[in-house]
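First chain written, first letter: the chains are A, B and C, and each begins at residue 1.
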Amino acid sequence: MSVLYKLFIAACCVAALAPIGWHAITSLKTSSELALIPPTLLPHQPTVENYEELFRRRPFFSYYVNSFTIAAMSSLVCVFSASLAAYRLARIRGRLRSTIRSGLLAVAFFPPIIYLFPLYEMIRAAGLVNHPWGLILPYSALNLPFAIWLLTGAFEQIPYELEEAAAVDGLTRFEAYRVVILPLAMPAMITAGILVFIFSWNEFMLALTFMNIETQKTVTVGVATLSGAFTYETPWGQLAAGVIASALPLVLLVIFFQRKIVAGLTAGAVK
Amino acid sequence: MNRRVHIDVSGLGWFVPAAILLLTVVCYPMLRTVALSFSHENLATGFQSEFAGFENFSRILIDSRLRGSLWTTAVFTLISVGAEFLLGLLLAVSIESVRRGRDLLRVIFLLPWTLPTAVIAVLWTWIFNDQFGILNTVLMRLHLMESPIPWLAQPHTAMAAMIVADVWKTTPFVFVILLAGLQNIPQDLYEAIEIDGGGAWAKFRYVTWPHLLPFVFVAMIFRVVQAFAIFDLVWVMTGGGPGGATETVSVYTYQTYMRYLDFGYGSALAVTTVVILAITATGLYRFLVTKYERTL
Amino acid sequence: MKRTLGRTSAVLVIAGLFALSVRAPDRQDSDLSMLMEPDGTGVWRDLISRFQDLHPGIRVRLIEGPPATNTREDMYSTSFLSGSVAYDVVYCDVIWVPKFAAAGWLLDLTGRLSPEDVADYLPADFRAGSYRDRLYRIPAFTDAGVLYYRKDLVPHPPQTFDDLVLLSKQHMTNDRVGWLWQGKQYEGLVTVYLEILWGFGGDWINAETREVLIDRPEALQALEFLKGTIDTISPPAVTTYAEEETRSLFQNGRSVFLRNWPYVWTLMKESPLRVENRVGVAPMVRAPGRDSAATLGGWGFAISRFTRNPDAAWEFVKFLTQREQLRQVQSRMGVIPARRSLVPPEFASIFESARMRPPIPEYAQASDILQRWLSSALTGRIDPDDALREAARETRSLLSP
C-alpha cells in the first residue's frame, strides 16, 4: 500500500514540475528550433536570445521593479494596519471577536468584479491611474481580512498577563504593544507579509485595468499580455522566457519560506 | 485600574488604518456598484448617471449570454473543485507514508500555487498548443491519438484545458489544508479501530473522514467562491472563446464594463453574480454543516 | 548593536521602497505614440523614420500591439477611459468611430481638410470617419467584401443568389467546393451576413431611429440562404473559417467562388491562378431586383483628445494620409488606400457603393449579440427563426433606453 502512495507522490512531483521544466527548456531554444514539429526534447543549441529579446522588446526590468515595489509596499501597509487591528481584536472578549473575525472573512469572499469599477473611478479621480499607489492601496485593503484573520489568531496566543506586567511597569498601551507584544508576534507578521506579497504579485484584474502604460505594468500583466511582432505566429520562446522570468522570484520565495507559507494557509483552517 | 479604563476607551484607534482602507476600497465601491446597478450609465447617456429602477434587472432576466456564462461557471466550478479535492485528499493521505524529504516535497507541491494564475494560463496554453504543444506530441507518440487535438479551438476541450490548469494551480492549497487536518488526528483512534479488526477503509470512514470534515468544509467554501469568480485564467487562456464557450460570468461582466462601456448594466451583472454566489455559498454551508453534525 | 543595525537597515529598505513607489512614471521620451498592428513588413517604421527626418522636432513611437483587432480596441478603450496619454494617434478601425467619438475621446477634425482632399476620398469611407456630422477620423485604407470567381470555369460572374448556387453545383467536384465564406463566430461573420441581408433588401439596425430590423422576413431569408449553403455548396467546416483559411483554400484551387476582402487579390499576385488570368473579381451576389452590397471595412487615423501634442499629431496624420505614403503601404501590404486616385480599377465601383455597418456607439455589443445568434443558427443549435427573434429582442433591450 505504502508503495502505491509513494508512486502517487512521485507522479504528482512530476506533474507539478514538468510543465515548469518544459517552459525552461522552451525558453532556451532558438526560434527556428521552436518551429520544428514534432518539438525536440532538449535544445540543440541552447541560447539566451529569448531572454535578451524579452528584456529588449519589452520593459521587463521595469515590470520587475513595479511588481516588487507594489507587492512589498502593499505587504508593509497591509501588515501594519492589520497588526494594529488584530491586536485590538484579539483583546475583545466574548463572541464579538469571532463575529467580527468571521464578518471580515465574508468580505474576502466577494468576487473582485463587484468593486472593480467604482474603485477604478476613485483611483482615476485621485489621479493614481498608472501609479504604483493606485494598486498598493487596493491591495493593502483587499488583503486585510486575511491578514487580520491570521494575526488575530497569533495575538490570541500571547497571554494577557504580559500587557498587565507592562502596565505595571508604567508603559502605555501602545508602548506595551510595540516593545513587548510585537516581537512575539513577529513570526506571524512575517508569514502574513509573505502571503500578502505573493497575493499582490499575482493579482491580475486590477493591475490589468489600472496600468495601461507599458513601463508601469506589473510582471504578471506584462507576461500575460505579451504579444508578438508576427502577424500569425506567437513568439513562444519569448513567452516561455517570460513565464520563467516571472516565476523565478516566487520560486525563491517558496524555497526559503515554505514552512511559513504552509503555516499561514493552515492557520485559518485550524480554528 | 484607572489606566485600564483609559486604555479601553482609546481602543478604537487601533482599528483606524484598517477601517479607512476597508471603507474606501471595499465598502464604498460595493455600495456604489449596487447604486450603479439601478442606473443607466453608458455611451447612450454620455456617461451621465440616470436613474433606471429595475430596468437593468429586467434586461438580465432575458440575457441569454448571462445564463450561458453562469452555466459555464457552474460547470467549471463543479468539476475543478471536485478534482482538486480528490487529488488533494489522495496527496494528503499519501504523504503520511513519506518520512523524509517532507521539506523538499512541500516546496515542489507549493510551487504551482505560488505562481500567478495569469502566468499559469500562458504556461498551459503553450502545453495545449495544437501544433507545438508537448501534450499532443506525447499523446501521439504513445499512439493514444492519431492527429493533434486543437484543444483551445473546440468548446469542450478548451474547458477541459482550463480545468486542468486550474486544478494544477489550486490542488496544493487543498492539499495543505487537508494535510493539516490529517495531522491533527490522534493516533490512538486508529489503533482503536485496528484492535476492533477494522482495515484501511474502516479507519478512513470512522476516523479520518469525520475529523477531516471541518477542514474540507473550510477549503471547499474558499475554493467554490474563488472558482466562481475566476477571471485571470479564462481571460488569458481562451478570452472566453471559442465563440464564448468558456466565458465565465466575471469575464462577461468585465467585458460589459470595459469593452461595451455599459457601467450600469455591468454593475447589475456584478450584483446578480454576488447574489447567486451568496445563495450558493450559504446553501453549501448549510449542507456541509448538517452533514458534519450527522457524522459526529 | 545588532538590533540597531537590523532596525536601521529595515528603515532604509522601507524608505527606499517608499521612494520607489512614489516616483513619477518614467518620462515618455517621445512626443507621439501610436498603437498599431504588428509591423511585419516594417513599412510603418520606415514611414515614421521619414516623418521624423522631415520634422526633426517630433519623435514618434510605434507601439506594436496584438494582431487581434478587438484586443487593440480594448487597449485603446482602457487607456482613454483612464484619461491617460498612452496613445496620441489612433490607428482607427471603421467600427470604432461611433464608440470613441460618442465617448468624447477623439479630437474633432471637422474642417481641417481642403475640399479637393475631401473629394479625393471615397464617400463611404469619409462618412464612416464621421459621427453626428463631425469628422473624427481621416480615412487611410478602405475595404469591402467582394466575390472572387474562377474565370476559367465560370466566364461570367453570377449576379443573384440562385445563380451562385446553380453555378456552384455545376462546377463542384470531389476536390473543389462551390463557395467559401467566413462562418466563424467573429466580426467577419457579421460582415458576410450583412452582404446577404442587404442583398435581400433587408437591414439590421436603423442608426437614426435605433430601430431593430433583424426579425423581419428578409433577415430570415438571408440566414436561411447562408445556412442552406452549408454542406451543399460550402463545406461543413465553413463555420470555423476566417479570412485566411478561405483564402488559402481558394488559392489552392479548392473552390469555385470565394467571398473575401481585396487584400486577397494582392496576395494572389504571384499565384498561378492570377498569373494565368483564371480568377476574377465581382460584386457580391444579391436577390433579383436588389442592389449588390459590400460591407465597408477599413482603417484611418484619429487623434486622442488627451494628447499633449495635438499639432504634432495633426502633422503626423496629414503626412501618413498623403498619397505617397499611402501608396508605399499599398505596395508593401496590399491594402487599398481610401483615395479615389489610388483605387485599382477592378474595385472602383464596388468601393463607391460600399455600405457602413450601423454607426451606433453600442456597435461592439450589438455585433456580439448578432454573432452569437447567427453562429448558433448556422451550427444547428437553434432554428434560424428563433435565433433572429432572440437576437432582435436582446438588441432592442440594448438600444432602448
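What we mean here is this: a residue touches a chain if its C-beta (ideal position, glycine included) is under 8 Å from a C-beta of that chain, and two chains touch if they have at least 3 such contacts.
Small disclaimer: the values here were computed from a predicted structure and weren't measured.
J.: Can you check which chain pair, A-B or B-C, has more C-beta pairs in contact?
T.: Greater number of contacting C-beta pairs: A-B.
J.: Farthest chain from chain B, going by the mean of C-alpha atoms per chain?
T.: So the chain farthest away from chain B turns out to be C.
J.: Determine the centre-to-centre distance between chain A and chain C, using the mean Cα coordinates as centres, and give it in whole Å.
T.: About 40 Å separates the centre of chain A from that of chain C.
J.: Nearest whole angstrom, what separates the Cα centre of chain A from the Cα centre of chain B?
T.: Measuring from centre to centre gives 16 Å for this pair.
J.: Between chain B and chain C, tell me the centre distance in angstrom, where each centre is the average of that chain's C-alpha atoms.
T.: Each chain's C-alpha centroid was found; their separation is 37 Å.
J.: Hey, what residues on chain C touch two or more of the other chains?
T.: 78, 81
J.: Give me the residues of chain B that touch two or more other chains.
T.: 258 - these are the residues of chain B that touch more than one other chain.
J.: Give the residues of chain A that touch two or more other chains, as numbers and ranges in rising order.
T.: Where chain A meets two or more other chains at a single residue, that happens at 209.
J.: Help me check something: in the complex, which residues belonging to chain C touch chain A?
T.: 14, 17-18, 20-22, 25-26, 37-40, 63-67, 75, 78-79, 81-84, 86, 244
J.: In their shared complex, at which residues does chain A touch chain C?
T.: 62, 65, 69-70, 72-73, 76, 120, 124, 129-133, 136, 209-210, 212-216, 227-232
J.: Applying the document's contact rule, which stretches of chain A touch chain B when the two form their complex?
T.: On the chain A side, the touching residues are 1-2, 5-6, 8-9, 12-13, 15-17, 19-20, 22-23, 26, 34, 37-39, 77, 80-82, 84-85, 87-88, 91, 107, 109-119, 121-122, 137-138, 140-142, 144-145, 148, 167, 172-173, 198, 201-205, 208-209, 220-221, 223-224, 226, 236, 239-240, 242-243, 246-247, 250-251, 253-255, 258-259, 261-262, 265-266, 268-271.
J.: Mind listing the chain B positions that touch chain C in their complex?
T.: Residues 40, 42-47, 50, 52, 55, 59, 62-65, 153, 242-244, 256, 258-262 of chain B touch chain C in their complex.
J.: Which stretch or stretches of chain B touch chain A in the complex?
T.: 3-4, 7, 10-12, 14-19, 21-22, 24-26, 28-30, 32-33, 36, 87, 90-91, 93-98, 103, 105-112, 114-119, 121-124, 126-127, 129, 131-132, 134, 137, 140-141, 168, 172-173, 176-177, 179-181, 184, 200, 214-215, 218-219, 221, 225, 228-229, 231-232, 235-236, 250, 253-254, 257-258, 263, 266-267, 270-271, 273-274, 277, 281
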